[in-house]
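Quick one: this structure, given as structure tokens, is what I'll be asking you about.
Naming follows writing order (A, B and C), and every chain is counted from residue 1.
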Amino acid sequence: MIEFVLDGRSKVNTYMQLVQQVKQALRVGLLAPGDRLPKVRDVAQSLAINPNTVLKAYRELEIEGLAEGRPGVGTFVTRTLAGASLPNQSELRADLVAWLHRAQAAGLTHEDVTALVETTMRATLPAESPQPKTT
Amino acid sequence: MIWLTWRQHRKQALFTAIGLAVLAALIIPTGLAMRGTFDRLGLTDCVAKLGTAQLSQTPIGAGTCDAAFREFNGQYRVFGMIGVLFLFLPLVVGLFWGAPLVAREIEQGTHRLVWTQGISRRHWALVKFGMVGAATLVASALYGFGVSWWMTPLSQAGQLTRFDVFYFDMQGLAPIGYTLFAVALGVFAGTVWPKVLPAMAATLAGFVGVRVALTTLARPNYLPAETLTYPVQGAIVQPNTALGDWVLSHGVRDAAGKLVAANAEIMCPPNATGPGASCGADMGVGAGSYNWQLFQPGSRFWAFQGIETGIFLVLVVLLAYFAVRRIRRIS
Amino acid sequence: MDMVLETDQLGKRYGGNWALRDCSLHLPAGRVAALVGPNGAGKSTLLHLAVGLLRPDAGTVRIFGESPYANTSILADIGFVAQDTPVYRDFSATELVTMGGKLNERWDATLARTRLAQLGIPPDKPVGRLSGGQRAQVALALALAKRPRLLLLDEPVASLDPLARREFLQSLMGSVAEAGTTVLLSSHLLADLERVCDHVIVLSTARARLSGSVDEIVDGHRQLVGPRHGGEPIRGVAEIVRASHTDRQSTLLVRTNGSINDPAWTVHEVTLEDLILAYLADGDTNTNHEAWGVPA
């Protein structure tokens, strides 16, 4: 089970923040098919948000085929986003750590590293599926 | 709703009960003591002797009865004064039961809590008025008849007349009317000035105003007053104090009926000549003058009590009606 | 869609002043609606009209299709918490729950007790000696114990500190999720309610400026930046809510009725908060000019 947190300063919609957190959890393997998402009531209460917002987020996940609602039981994960890359992640992560150490040794600050990674990603990787609408 | 009313007013009920207990502790021993003295001095016989004639031929100024009356009245003089304190009890009840009833709800905003539950405001008002009214009725009846019982010897001994202003007002039925009126006025004031203190002030002013106006202007005229005349000079007679008449005014009139001496009473023995020429000549009292008094006979005491109470009960009903109407408009 | 609350040309007057005027709006079932506006805008008046404490001086208000004034059968379906959460301060929480049972035909005392127990409210202490947040929770528990279909809350969090405010909204949202109650709650600050509401009613100077679902409202407004605008119509713009000009440039907040493709204008999306502020500022300016007797 995951716990949602909200970023109060984010301009991203509350429901979209929930969707993104589920996807993030799916990507890193925190959630796997068959897992149940937190109850609407619990999310609404703990975050003090409108239950309709939670329902809307879960509906969005259903539309994207990531989850499915079972009436009276809850909403369950049906698909993962980790895919085949998950087993490779630890190896890739080790490479990245080694690279970060080198960057540090070369005198790059955190901001420098972030900027370098972002520009390189933009230049190297083709744009993925369009970003979800943020309103 | 009955539960709520009881829960909200139980403190006031307790204080009222304590007040009545204190009153009882005050008047029961002293009342019994007075009655004891009254019997010991043989005043019961004296009162019987005074009879029911309008003019008494055996005035208090003679015989053993006079001494007995004087002893009794001397001993209990201060009691008549203490009794006047009781006059304010209805007002106190009105201030502390009546004024906060609606005013405190609105002042604290709790009317928005209680009027948005599942009962109508009319229901709320009727139960509250009914219960507080019933409690007031019981308390004031105990008070009125208790004080009546206590004062009987004092008025019989002629120390005070139960028909007189003040003494009339604190015994019998009248206190019931006053107390209910004070409470109803307080409730109504609370619907007009929805804060406790202004409502109390309005109740105080309104109560005193209405009471003074009715007592001085209206009460003497509930029934046509009667007149009594008796000679200035001659056989010694005087109005019978045992009847408890309410003397509205008295004086001495000359043969033509003109008032020559207001608030005076002249009694001269037969053929007496005063320090001047004849009896009272220096005051302008000539031949054919007579003592005169305008009065309400003591036998009308209960009729007047009934009329007075009736007037106040009508006011109570009107105030309660207008209070309910106003409550429907408060938000 | 089922309408819980409908008003038509609703007005309420105190003496010569209209506290609420020409107010026509509706609230569908299942919504959590924020009633937003500055102090004195008529929020309490609207809520008091809705709960039947006040009688309208003009127009109509209907709750579940019925007029609420002096209507006790409607009262059973409305949970109301007035401003400053009034309760009998010398009563204990237990006694208040008992009182509710005596005054209501439908009353879930168990629900109230369970809630109060979960919140750690002492049962036998006079509620006047509880903290403001605890008292607000008691008032909310009393309102919810009626199992209402509509919950009206007048400035429920205004007087609470941030922690109590969050706790109050948490327990409110928890019970809304459970019971599906329609909620209308007022606040002079949208920030308090932005995450809990999916419907907004904006009142300003006794009039309803804006009413509708948050999504529709946000979708239906845009900010345009372009050359100085002289008042000529722009395709896709239904109404200019607020305009500010420099000598060359205009910034317009507009209500749209179609897509705006005019290349002269750069189109931005707007947040709910900006939008509401624009509507409130608009109302204020108009009244100020009226009050000072100068043209707007």
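Operating definition for what follows: a residue touches a chain if its C-beta (ideal position, glycine included) is under 8 Å from a C-beta of that chain, and two chains touch if they have at least 3 such contacts.
The UniProt protein names, listed by chain, are A = GntR family transcriptional regulator; B = Transporter; C = ABC transporter ATP-binding protein.
Model, not experiment: these values are computed from the prediction.
Most central chain by CA mean?
Centroid comparison flags C as closest.
Between A-C and B-C, which chain pair shares more contacting C-beta pairs?
When the contacts at A-C and B-C are counted, B-C has more.
Relative to chain A, which chain's C-alpha centre is the most remote?
Result for max centroid distance from chain A is chain B.
In angstrom, rounded to a whole number, how far apart do the mean CA points of chain A and chain B lie?
87
For chain A and chain C, let me know how many angstrom lie between their CA-based centres, rounded off.
34
Could you work out how far the Cα centre of chain B sits from that of chain C, in whole Å?
Here chain B and chain C have centroids separated by 57 Å.
Quick check: what residues of chain A touch more than one other chain, meaning two or more?
none
With touch defined as at the start, can you tell me which chain B residues reach chain C in the complex?
1-4, 7-8, 108-110, 112-121, 328-329, 331
Along chain C, where are the residues that touch chain B in the complex?
Of all residues in chain C, those touching chain B are 48, 51-55, 70, 72, 75-76, 78, 80, 82-84, 86-89, 91, 95, 98-100, 102-106, 139, 142, 146.
In the complex, go through chain A and note every residue touching chain C.
Where chain A meets chain C, its residues are 6, 11, 14, 40-42, 44-54, 135.
Using the touch rule from the top, collect the residues of chain C that touch chain A in their complex.
Against chain A, the touching part of chain C is residues 30-32, 166, 169-174, 176-178, 195-198, 218-219, 269, 271.
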